[in-house]
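Take a look at the structures below.
In what comes next, subunit A is part of two complexes: it sits with subunit B in the first one and with subunit C in the second one.
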Partner chain A sequence: MASFWDNIQNIDRRWIYLLVAGAVLFPMIFVANFPIELTPESLQLYNAIDALPDSCAVMLTFDYYPSALAETEPMSVAALRHMFRKNMKVVTISNIPLGGPSIAERVTREIAKEYGKEYGVDYVNLGYKYGYVAVMHGLAGSIERIFPADNTGNLLRDLPLMQTVKNYDNIKFIYVVADNATLEYWISIVNAQYGIPVGGGVTAVMAPKMYAFVESGQMIGLLGGMKGAAEYERLLGILGTATRGMNSQSMVHLVIIFLVIIGNVGFFFSRQDKGKRNG
Partner chain B sequence: MVESMSFLDHFQIWLRAYLILSLFSFLYKDNPFYKLSEHIFAGLSAGYYVGLIWQSVILQQLINPMFDGGQWWLVFPGILGILMFTRLSRNYSWISRVSLAFVIGNTAGIYLVSELHGKAIRQIWATMIPLDGGSGAASTILALIVITGVISTLVYFYFSKEHKGLMGATAKIGIWFIMISFGAHFGYTVMGRISLLIGRIEFLYYDWGGSLLSIF
Partner chain C sequence: MRTTLPVIVAFLSGFVMVVSFFFGGALGDLDDNALQWVTIVGGFTLVLGVFSILRVNGKVVAKRGRDWPYKLATVISVVAMAIPSMLPVSTNTVGGRIFYSIFPESWGSRMGTGPSSIYDWLFNYIDSPMMETMFAMLAFFIASAAYRAFRARNAEASLLLITATVVMLWRIPMGEALLRLFSDSLPDYINMYVMNGFNVSVQRGIIIGAALGAASMSLRIILGIERTYMGKG
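Up next is the complex of A and B:
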């Protein structure tokens, strides 16, 4: 007859899925607030944006697919709030065809409305253009040559903001929010070859790789996944979706740690039981 | 806010909720609802990409500049693009190599500079750090860890000499650094996947739940 520990070893994985789903839901139903500690990388990014002169022009990228919204959208929202608070002029761009341009359109318009910002004067959404390596090089010469029109078809020559923002020379900082390799190209092309400071937020899967670029000074600050977004929200003093999501995240991590411990203890005990049974 | 939603808003939320729950149902077992959602996603993505390429590449970067902007030289990249379709013919597929040669040559040239100048050299440079970093013992220890990690990991991937003696001991240290790196990657990956789950469950709980409450 199988022992308790044998049963633990062979538990139907669907029970684990249910347990994880319950752990995600629990803090939503019974509001829990886990503390969010700041990392030096998120503080570095916040300070870099904060140190920029008010009303300067910055670029914010929406290089992510809708599948990564839970991690990346809070970063974009927090970045926009920070930039609009400082009355910065924001040029948004997307190197991702599926989702990026429409997410940029929706998010920028929503946040701009809160801060009373006007399209074409305070912010412009360039949209998407195929071939991001060529686009990144091309923007150094002339933004208007690469994007004759914005995301909704307005000619750039008719937008007041784009009369002063002609190329990288007029952009003080590039804030990349990405769920793929485009951030590496912003670093290796735009930062390395054109000297524009780059900072960014990425999905948790990408974060470990990107720390190397922060250490080498090629990137100013880094937000890693939902945790990074929650840290930025804390720095701005806002209670956003990432902060709310981190409660569920912490609860699931506790469940995972518990399962790892139970799984390992079960493994050793069931091996011991088998040893005893075999004499 | 939920009360002021239109019928279309409710419809969109319910459609999204249906697709999410259909996809999650695979966790229990494979079923027709999951398959339908999967096929809808594949079909929509393919259709979207065809439309996107037609609009943003063929029209915006080829046909419009040629006919409206008078940039007739674009006929040459256009021909190179058309030649790619010769791959569909067994007899003439060799012609597509002309286009491929252009793409490979161009890509190699662009990437060589960015990879070397923007990554390799800068990353090597970042490992050449002074042991006395100015912040006392802590920076010296961190610098030693970086140097040991880089050298031992490189030694692990050096296969022209058998990993024995000093070489073997250094490679073993390298394995430890690689394992710690894998652990960090795995931990972050778990966090990322859980974040995606949180995003979907938040939608179901707040948006779909809100729509449900406002209807009933």
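Up next is the complex of A and C:
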């Protein structure tokens, strides 16, 4: 017969699912806001954007699938707010066919409306073109050659903003928000070969890898997952979805840590029991 | 010929890109043109993919084969997303003039991929929530897997377990508050020594190793030694 310590190692997964669901829902009902501490990486990114001249042109990428929206969309929203506050001209682009351009369209129009920005004058959504390596190289020569029209079919030559933004020479910073390896290409192609500063945010799973690029100076600043987005929101002084989401994420992390601890306690004592039984 | 031609194309494409990288401008606009060809060829592969999905699933539906209702759902989904997004949005083009001579011009706002288009609606209200739901379910599986798999069986596993627990605490506001109870500088030390120390050194090794592997594989393809991309061993 299985001992208590064996049982504690084999809790039915449905109880675990219930515990996780409770951990997500509980903080939504009983809100407890803990202070969000800043990491040097998020502060570096914020300062880099803040130090750019007002009204300059920047590129914001939406290199993520809808599946990672909870982590990445708050980063894009916070970045846009920061850029529009400084009256920057924003050119958005996506290297993800499934969703990227549509997310960019929705998010930029929503935030632009808040700041009274006009499409074609203050921001443009280039959309998606196949082959990100070719696209990244191609934009160095001529944006219009790669994207003759924007995401909704307007010719680039008819958009006032694109009369002044012709290639990377006219872009001061590339802010990449990604849930995949495209950020590495922005760094190794655009930053390394064309010298354009690159910074941005990625999902929490990807963040550890990106620390290497921040450390080497190839990337300016980094937002890691929802926590990174919440840090950026704090820097902007806004209460966004990332800040609100941190409560649920905190509880789920604590539940996982609790489960790991009781699993190991069970493992330790059950091993001790077996050792005693076997003499 | 079926083997030789792709090897020649691969060699020439690789040669152009390598030479233009190391001797910028030596080949004029050839590298720019080669990159544009990548985009054009890539566009055709996407079209090919769509036709392949329709053909494979369409056959099963026509024969009422295994799981045909799911295949039908796939075909309907592809058509519903693709057709309206490809139709012209205005009469500015020849295609647009022909299309809107048959259909009312008010349909224009529903075509294409812009806001308020059919494509956009389907994406925002069906595709996106479904993908988010699938991804969100990972939290349940991760919790269950962490509980079952994270065991301090030996020194290495214990080290991994402790590091993972500390980093998980460090990444949440509640955890940071908890860590500060032990020492006010503890979260900063975790960032400095774990993330920017051990993590960066290991990640760099992996990145450099992977880059060397990619470079040698590219060289093998350019020189025609590696032919697995043609389905050959």
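Simple rule for what comes next: the second predicted complex is superposed on the first by the 272 of 279 C-alpha atoms of A that agree within 3 Å, B and C clash if a C-alpha of one lies under 4 Å from a C-alpha of the other, contacts with A are read in each partner's own complex, and residues count from 1 in each chain.
Quick note on the criterion: a contact is a pair of C-beta atoms (placed from the backbone, for glycine too) under 8 Å apart; a residue touches a chain by one contact, two chains touch by 3 or more.
Keep in mind it's a predicted model, so treat the numbers as computed, not measured.
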| item | value |
| --- | --- |
| Side-by-side fit of subunit B and subunit C on subunit A, or clash | clash |
| First, second, both or neither for A:Arg145, with subunit B first and subunit C second | second |
| Touched partner set for A:Ser102, first subunit B, second subunit C, both or neither | second |
| Subunit B versus subunit C as contact partner of A:Glu233, first or second or both or neither | neither |
| Contacts of A:Asn191 with subunit B and subunit C, given as first, second, both or neither | first |
| Touched partner set for A:Gly225, first subunit B, second subunit C, both or neither | both |
| A:Tyr65 touches, of subunit B and subunit C: first, second, both or neither? | second |
| Partner chain in contact with A:Met28 - subunit B first, subunit C second, else both or neither | first |
| Touched partner set for A:Glu37, first subunit B, second subunit C, both or neither | second |
| Touched partner set for A:Thr203, first subunit B, second subunit C, both or neither | first |
| Subunit B versus subunit C, judged by how many residues of subunit A each one touches | C |
| Steric overlap of subunit B with subunit C in the superposed model, located at which of 77-85, 95-103, 131-139 or 203-211 | 95-103 |
| Subunit B and subunit C footprints on subunit A, overlapping residues | 17, 20-21, 24, 67-70, 97-98, 129-130, 133, 137, 204, 208-209, 212, 215-216, 224-225, 227, 249, 252-253, 256 |
| Contacting residues of subunit A [partner subunit C, same complex] | 11, 13, 16-17, 19-21, 24, 33-37, 39-40, 65-70, 97-99, 101-103, 105-106, 109, 127, 129-131, 133-135, 137-138, 141, 145-146, 151-153, 204, 208-209, 211-212, 215-216, 224-225, 227, 230, 246, 249-257, 259-260, 263-264, 267-268 |
| Subunit A-touching residues of subunit C, taken from the complex the two chains share | 31-32, 35-36, 38-39, 42-43, 45-46, 89-90, 112-115, 119-120, 123-124, 127-128, 131-132, 134-136, 139-140, 142-144, 146-148, 150-153, 161, 165, 168-169, 171-177, 187, 191, 195-196, 199-200, 203-204, 206-207 |
| Residues on subunit B engaged by subunit A in the complex (per definition of touch) | 27-28, 45, 48-49, 52-53, 56-57, 60-61, 110-111, 113-115, 117-119, 122-123, 125-126, 181, 184-185, 188-192, 194-202, 205-206 |
| Subunit B-facing residues of subunit A, complex | 14, 17, 20-21, 24-25, 28, 67-71, 97-98, 128-130, 133, 137, 184-185, 187-189, 191-193, 203-205, 207-209, 212, 215-218, 224-227, 241, 244-245, 248-249, 252-253, 256 |
